[in-house]
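Common to both upcoming complexes is chain A, partnered first by chain B, then by chain C.
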Partner chain A sequence: MSALASAATPLTRPAPRPGGLLRTVARTHRPALVLSALALAATTVALVWLHGLGGEARAGDSACATPPTDRLPSCAAVEAITADETYANGLAVIATVLSYAVFPVAAWAGGALIGRELENGTAQLAWTQSVGPARWLAAKLAVPAALLTAGTSGTVLLNVWARGDGDPDLAGDWYYPDVFVSTGPVAVAYPLAGLAFGALAGLVWRRALPAAGMGLAASLLLHTLLERHREELWPAVTRVAAGSIELPRSAFQVSWDTATPNGVHITRATFHPQSHYWPLQYVETGLLLAVAAAATATAFALLARRLP
Partner chain B sequence: MSAVTAGASAAVKESRAPHGLVPALLRVHRSAFLFWLMLTAVCLGALLWAAGPGADAALAEYRALGCDRPGPGPDCHFSGSAVGRHQLAVAIASGLVTLLPVLTAAWAGGALTGREMENGTAELAWTQSVSPARWLAAKLAVPAVLLVAGTFAVTLLHRMLWSSPKNSLDRLMGWYEWHDDRVFEINGPVATAHTLAALALGVLAGLLLRRALPALGVAVLAVVSLVWVLDELRPRLWPTTATVTSAGSTPNPPGLVVEEGALTATGARVPVPECWGELDCPAESGITGYYAVYHPSSHFWPLQLMESGIALAVAALAVVAAFRLLRRRTGAAV
Partner chain C sequence: MTDTAIEAAALGRSFGRRRRQALEGCSFRLPAGRVCALTGPNGAGKSTLLALAAGLLRPTEGSIAVLGRTPAAARERLAYVAQNKPLHPQLTIAGTLRLGRDLNPRRWDARVPERIIAEGDLDPGARIRSLSGGQRTRVALALALGKRPELLLLDEPMADLDPLARHQLMATLMADAADHGTTVVMSSHVVAELEGSCDHLLLLGGGRVRLAGPLDDLLAAHTLVTGRSGDTLEPHTVVESRTTGRQLTALVRPAGPLGEGRRTDRPSLEELVLAHLRSPEAPPLVLDTEQEAAA
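Right after this comes the complex of A and B.
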């Protein structure tokens, strides 16, 4: 009876439920989960508070006159408002945090998610259980990727909402590196690329600390390269005119040349108008996702080759 | 006979133990050692290049654009490519030195102590001829000597570049002030003191948490906060100087300004009035002058020594805490 019962038990669970694997990943990395949840909560509270401050901040940054006229408030009253500075500084901090989120993600993925498990042998132990190496890696990537996507998407939407009309004097121009990264899908794609880089570094080095360092270094390189070459991701507009050129407000200037052939002063300006925001976002997001996909594919190929 | 020989060789080994400990440490951390050599070489190379060919090229460009003439001509724009390369070289060196405390803390918390405690290699080492206290002393002393030597060399070279009298290099460096965070740190012992505090805090985090990655994270957070607090505290570390100017002009103190404002006839300090800059402003608002509270450049050394002292005190506290922790953990074995 007892033998029958024990033989029947494995039959009733031929395949382990994926829920168990996902829960294990979440359980092992509870500190990281708690820390990210705290960061997300703090960012959300800050953004809601900044949104509430927006109206007063815009009043503190408006045109004024001394003495006040019918349409313009007095400059002394406008100067007395300090909300605009708090609002601008708060948005700048949030933009920086969002655009740098890729770095801790890459270091964590290389160190704690993959590298440490391979160094300690807990990965090899897991593979002797009901989980195959490919499923193990898939769960390790899928759970953080889903959580990161949800978290960064929500934060980006909140950030855009808190920025209101995006007045460049308060919220920064659209092409400022941190503002550009933190207001569109690029902000979602960066941490995913960092996750893939970290996982690949963990599988290549198979040790926690070198993998954390290499994951971080690779994402630093990617971030720097894209920031430096962002203006080349979409054809820029060129304008040539005699005399000087007045570029539209919020133009992302790429180059500015002046020449004086035959005594005529010629100015040649290359720039991205604000309408290039979405094309630039899509191209950069596509590039980042392609890089992430390539790193993930390499990681799976490496895992398959390493196995006996 | 054999017992006597064994006893003698043990005695010989004991006296040679410190020699074995240092090479062992360098061997275990040789990738970190090589990385440190490379980082120092990049900093020194960038600064040497900036002092020599980089400066010559930048000055040649500067003259070619006509910037050295009184009332620089229309073609003088200071952002020429040679000037840009010179600035990039200096920025690489000072940026790496700014980053150094963070890297040091991450390595000291993660690789130097945290990983050894996590893997049990520390306990293994203590069962060999090395006592826990000697083990910790070597872990602190060897990196400290290397870090001080490298950082000090970079600081000396940057000072040479900064105070170079040979030409109008000060025009090339004119974008920066002596009190800018990066310039201030690299130009004196503060950079070295920050790095030593980072080493001590990292080692303490590794011993406290006994796991590589959490120790790395905590050490980095601690050092980033320490450097941030020191940057914020800096203007308050030495008594300031005040300067007063008449109502007709405004003070333009050459240094680190802490506070600025206007003076009334009674000598009270008030905010600069809204009408600032207009001709009849002083009469209208009752302002008799302007004042500024600041640090002149002669405060560079007192500020440097105060901040280095604070950072070194933090380092000393962390070292004492680490030794006490180790003694408590290992009992009488120390």
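Right after this comes the complex of A and C.
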């Protein structure tokens, strides 16, 4: 009789809600969750502290005069301020950390999130519960993707806030690779691409160590390629003039040629003005999200092909 | 509700680029409510067959239906315990059971696994990584039974257990299966482990079905003959015959009366299985259960 009753239950009860599956993902990856929460907390504290240091740092970086005038402080006094160096170094470290976040994410996704589960059979354990492989993979990707998006978005906003006016002397120019990646939506897209690469590598290799390595290698390749070709992502401005050219402040110089045809000195400069920051951010973000989507779709297709 | 737990038709599965055939041309039917022993030598395809039934592998040939559907559609109603008893090492026993509840929200019955854990004197707060192999087996079985499966697929379930735990867990398993009409398929290469608890046999050898059917019918279809060497065993089907001195011992499928002057015995399960394993050329015997259903 119980067999009859249980056969009828799926018809009478609603489809299971994904809460249990999401809880399971969170519970089985608690170390990663705790570690990222600690990293997030440390970055937040550092950025709040750096923001507080900003005023003093700007004073330590201001113009000076010897002897002091009415408008300019004495150079000895400005020299004595060390906050500017601490502030600049701190911001540089945060920028590097944010722009390299993709690498640990990719290695973790390939190794711990997917590869290890396929290697030791806990993925198969999940697939023989009431959860199909596709829903399993969706949950495995959705939970870290949501947390990564929230975490990196918050950190980028804090970073921009801590950079204040973004004085290039202190915070670095907008086109420095680390600064560019750590101040806009690109910072959110990179870890998502790393997550997708890692998950795909995990499904392809089905073992933790090679999958972590391949996820990392693929992300490294992507990061390097985009860094090398960033200036080509949006049409640059070219200026040709006789004599020399004064580029606007904080211009991202792409090329600089001089020629002397017919005895006239000609300079040809190609560059991105600061106003190209957002177009470049959007194009790179779009590219990263497209790559992440392609890797995710491939991962789902691979899983569907392998399993009935 | 279907009365067939597993039905395979010309089922085959090969692995790798070399297309190594782990299973080929397997056809059999397992009625619901049976406790089936799946046996065969190492590499016979037992684990492959169980993984196919659990929906973890795609057949390369033929088809397999589980509880009247595809294995993937029957996922919710079957439970599977893999040979290496995979569990998350960092979770506690209680955490592992919570995982079962969370992943089977429509079926989970916490009483069964809790009883199995308590019977093994296990602390629910203990981490999986601190458990012995046998204790992990107990947790894996508790997780499988908590789902209230209609079909329970167990790959070498008792290999890591000490004799006492094996006896006790097997009794729990059988009582639970009997109470709920669960179909159980249990693989093992130790035949003695299966005797006494199973009423159906599936013997694989070299990726093919060698024997399939109700255990009693299979045993009744075979006779152990002891006679003088030189005797002819025509017209019976000889599975295996051995001559020791002047004595002939043979396992045959009688085609009629075996004649006078010979000692005939009913073979044990072990004798039946061993004789078939020693003679790979003996013809397979698949007893469909329709006849017994009619009886």
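The working rule: the second predicted complex is superposed on the first by the 291 of 308 C-alpha atoms of A that agree within 3 Å, B and C clash if a C-alpha of one lies under 4 Å from a C-alpha of the other, contacts with A are read in each partner's own complex, and residues count from 1 in each chain.
In this text, contacts are C-beta pairs under 8 Å (C-beta built on N, C-alpha and C of every residue); 3 or more make two chains touch, one makes a residue touch a chain.
Predicted model, so just to flag it, every value in this text is computed and none were measured.
Trainee: Touch check for A:A208: first (chain B), second (chain C), both, or neither?
Mentor: A:A208: touches chain B, not chain C.
Trainee: On the A-aligned overlay, A:T66 touches which partner chain: chain B = first, chain C = second, or both, or neither?
Mentor: first
Trainee: Is A:P31 contacted by the first partner chain B, the second partner chain C, both or neither?
Mentor: both
Trainee: Looking at the overlay, what does A:R23 touch: chain B (first), chain C (second), both, or neither?
Mentor: After superposition on chain A, A:R23 lies in contact with chain C alone.
Trainee: Based on the superposed arrangement, let me know which partner A:D257 touches: chain B (first), chain C (second), both, or neither?
Mentor: neither
Trainee: Quick one: is A:A112 in contact with chain B, with chain C, with both, or with neither? Answer first, second, both or neither.
Mentor: Touch status of A:A112: first partner only.
Trainee: Comparing chain C with chain B, which touches more residues belonging to chain A?
Mentor: If we count touched residues of chain A for both partners, the winner is C.
Trainee: So in the superposed three-chain picture, is A:A76 touching just chain B, just chain C, both, or none of them (first/second/both/neither)?
Mentor: first
Trainee: Does chain B (first) or chain C (second) touch A:E85, or do both, or does neither?
Mentor: Touch status of A:E85: no partner.
Trainee: Classify the contacts of A:E232 with the two partner chains as first (chain B alone), second (chain C alone), both, or neither.
Mentor: Touch partners of A:E232: none, neither chain B nor chain C.
Trainee: I'd like to check the shared interface: which positions of chain A are touched by both chain B and chain C across the two complexes?
Mentor: Comparing the two interfaces on chain A, one with chain B and one with chain C, the shared residues are 31.
Trainee: Under the touch definition given earlier, write down the residues of chain B that touch chain A in their complex.
Mentor: 31, 110-111, 115, 212-214, 216, 274-275
Trainee: Which of the residues in chain C come into contact with chain A in the complex?
Mentor: 1, 32, 54-59, 70-72, 75-80, 82, 84, 86-88, 90-91, 95, 98-107, 143, 147-148, 150, 179-181
Trainee: In their shared complex, at which residues does chain A touch chain B?
Mentor: Interface residues on the chain A side: 31, 66, 75-76, 79, 111-112, 116, 208-210, 212.
Trainee: Going by the contact rule at the top, pick out the chain A residues touching chain C in the complex.
Mentor: Touching chain C from chain A are residues 2-4, 6-7, 9-10, 13, 16-17, 19-21, 23-24, 27-28, 30-31, 120-122, 124-132, 306-308.
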